[in-house]
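Structure incoming, see below.
Chain naming follows the written order as A, B, C and D, and within any one chain the residues start at number 1.
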C-alpha cells in the first residue's frame, strides 16, 4: 500500500516539478518530442516511395528499369526503420528533456530528412560513384547526430542513470561510425564495396537484435 | 478498495517490469508502435491521391480521363482502411512488444508503402495485365507480412492468450491469401477476373463486419 | 472518497469491458481513431500547398499568376480546418466506437482526401465552371459523409446521450448541406455565385462560433 | 494519502468540467490540438525537402547547382524547428482551449504551411530580391499569427496565470517582429542584408536558449 501511494506521490511530484520548471523554460515532457519525431520519421519513410516515379510503360520492362531505385528505397526504408527503433529505445529510458536535447533531436531529423533525396539520387543514377559517396556522408552525419543526441541525454539524466550504462555497453554505434567513415573514400575505389558496407551495417542492426531477443524472450 | 489498490499495483508492476527489461532492450510500450504505424498508414492513404494529377483541361472530358486512376485510388483507399482497421484490432489486445515484432510491423508497412506506386501504375495504364498482376503481388505480400506480424505477436503473448484464440478463429485472412495467390496468375487470363477478386476481398472485409457488429451492438 | 473509488472502478470496468468485447471485435478505444484522423487531416491540409507549384519567374508577375491557386488554397485550408474542428468536437463526447463508425470515418476522410485535387483543379483553371461545380460536389459529399458519421455515433451512444442532444441542436449542418446542393447547379449560371456560397458557408462556421464562445467564456 | 485522493479528485473534476462544458462547445482538451499541430508541423518540415529535386547529373557539379536550394532548406528547417519548439512551450502551460484559440492556431499553421513554397522559390531563384522579400513577409505573418495565438491563450488563462507572466517576460518575439518588418524593405536595398537578418533571428532563437539552459541545468 505504502508503495502504491509513494509511486503516485512521486509521479505527482514529477508532474509538478515539470510544471514549476516550465516557467524557466527548463524541463519539458518527452511525449511531444516522441510524437513529433515519430511524425517526421513516418513522413520520411513514406515520401521516399514518391521518388519511385510511376513508369510510362505497362510491362515488365518498365518495372526492370526501376530496380535500382527500388533497391535504394529498400535500403533506406530499413535504415529509417533502424533509426526509429533506436530512437524509440533511447527515449524510452529518458525522464527529462531540455532545450539542447530538442535541438539535438532536430539535428538528427535534419540529416534523416535528406535520406529521400540521396536515395532518389543514388537509385536514379544506378549507384554511381558520387551518389553512393554522398549517401554514405548522410548516413555518417545522421550517425554523428544520433551520438550527439545520446550524449545530451546522458548528460541530463546523469552518469549513474540506466541510460548512461546502456549507452556505455553499446558498441554497435561506434562500429557503424567507423564503417561509414571508411565507406565514403572506398566508394571511389569501388562503389560496390561502399554499398556492401551500407548493407552490412543495416544487417548488423536488424539481425542480431532479433536473435538475442528471441533467446531472451523464451 | 482492495480491488482498486490491486489494479494500481498491477499497473505499477507492469510499468516497472517494462522499464527493468528495457535495459536488456526486451520489452517496449506499444504506444509508439501504434502511433508510428498510424502515421505511416495515414500518409500512405493520403499521398495516394497525389498520383491523381490535376488535369490540364477544365471540362468533364478532363475528368473522364481520370476515371481509371480514380477507381484504382478508391480500391487502394479501402484496402489501406482495412489494414488500418485490422492493425488497430490486432494491437488492441497486445500487451507486450519486442524487437522482432517491430521489424515484422515495419515489414508490413513496407509493402503497404508500395501501394501508392502500384495504384498509380494500375490506374494510369487503365488496368492492363502486368500492373494488375503486380498490384495483386503487393496485396499478397502485405497479407503475408500481416500474418507474420500476427504470428510474432501470438508467440510473445502466449498460446493461451486471447489474441491467440481470436487469431485462430479468423478464417478471412487465410481466404484472402488464397484469393490473392489465385488472382495473380488469373490476371494473365483476364485482368478483369483479377480485378474483381481484389474487389471481392475488399468487400468481404468491409461488409460482413458491419452486419455482425450491428447485430451484436443492439 | 467513495466517489473517487467509484470513478476508478468504473474506469477499470470500462477498460475490462473493452478488452472483453475485443474478442468479438466490438468496441474499440477512440484514441487511435482520433490519432489516425488527425494524421490524415494534417496531411491533407499540408499537401494542398504542394499544388501551388514554385513559379519559374522571380518577380511579382510570377506571383500574380498564382493568385487563383492561392485563393483556392486558402478556402480549402479553412474548410479542412472547419472539418478538423468539428471532428474534434464530435468525438470529444463519444465513449464507444465500433466497426461501422470506423468505416463512416474513413468515408469522410475519403472525400476530404479529394480536396487537394479539386483545389488544384479549381485554382489552376481560374475558377471556371466545371471545376467550381465539382469542388461543390466534393464539399457536398464530405458534408453527407459527416452526417452519416454523426448518425452512426448517435446510434451507438443512444438517443438520450449528450451527443444526440448536441447534434439535434445543430442547424448549421443542415443549412450547409442545402447551400452546397444549391451551389452545384448555380455554378452553371454563374461560377461566382457558387464560389460566394462556398465562402459564405465557411464564414458561417468560423465566425459565429467565435462570437458565442467569447460571450460564454467571460 | 489525503493528498493523493485530492489529486485524483481534482483530476476527475477537471475531466468532468471539460465534458460538462463540452455541451456548450466551450472547452476542449489540448491534446488533440497539440497532436494536430505536431502533425502539420512535422509534414511541413519534411515536405520542404521535396523542393530539393533530385538532379539529373551524378557528379559533384549536379550537387553544386543545388547549394542555394539547400541553404534555403536549412534556414527554413531551423525556423520550423524554432516554431515547433516555441509552440511546445506555449501549450505546455495551457489548461484550457476554446474556439478562437483553435482558429488562431490554424492561422499560425497556415502561414507556416507557405514556408515550403517560399523556401523553394527563394532557393531556385538564388536568393533574388522578390523571393527574399516574400520569404520575409511569410516569416512576419507567421510571427504575427504566433503573437495572436499567444494573446488568445493569455486571455483565456487569465492575466495572473503563469503563462501571462512568461509571455510578458519574453522580449525575443517583439525583437523578431521588428527585424522581419525591417528586413522586407531592406531586401530591395540588398537581398543579402535581408537574408542575414533572417539568419540572425534564427540564431537568436537557437543559441542563447541553449546557453542559459545549460547553465541552469547544472
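In this text, contacts are C-beta pairs under 8 Å (C-beta built on N, C-alpha and C of every residue); 3 or more make two chains touch, one makes a residue touch a chain.
This structure is a prediction, so every number in the text was calculated from the model and none was measured.
Relative to chain C, the chain whose mean Cα position lies farthest away is A. Where the sister copies chain B and chain C meet, the same residue numbers recur on both sides for under half of the interface positions.
Rounded to a multiple of 5, the Cα-based rotation taking chain A onto chain B is 90 degrees.
Between chain C and chain D, the centres computed from C-alpha atoms are 24 Å apart. Once the centre of each chain is set as its mean CA position, chain A and chain C turn out to be 34 Å apart. In chain A, the residues that touch at least two other chains are 8, 35, 39, 42-43, 47, 50.
If you check the complex, the residues on chain B that touch chain C are 1, 3-4, 7, 34-35, 38-39, 41-43, 45-47, 49-50, 52, 54-55, 58-60, 62-63, 74, 77, 81, 84-85, 88-89, 92-93, 162, 165-166, 206, 209-210, 213-214, 216-217. Interface residues of chain D facing chain C in the complex, by the touch rule stated above, are 5, 8-9, 12, 19, 22-26, 28-29, 32, 35-36, 39-40, 42-44, 47, 50-51, 98-100, 102-103, 106, 109-110, 113-114, 116-117, 120-121, 124-125, 128-131, 134, 156.
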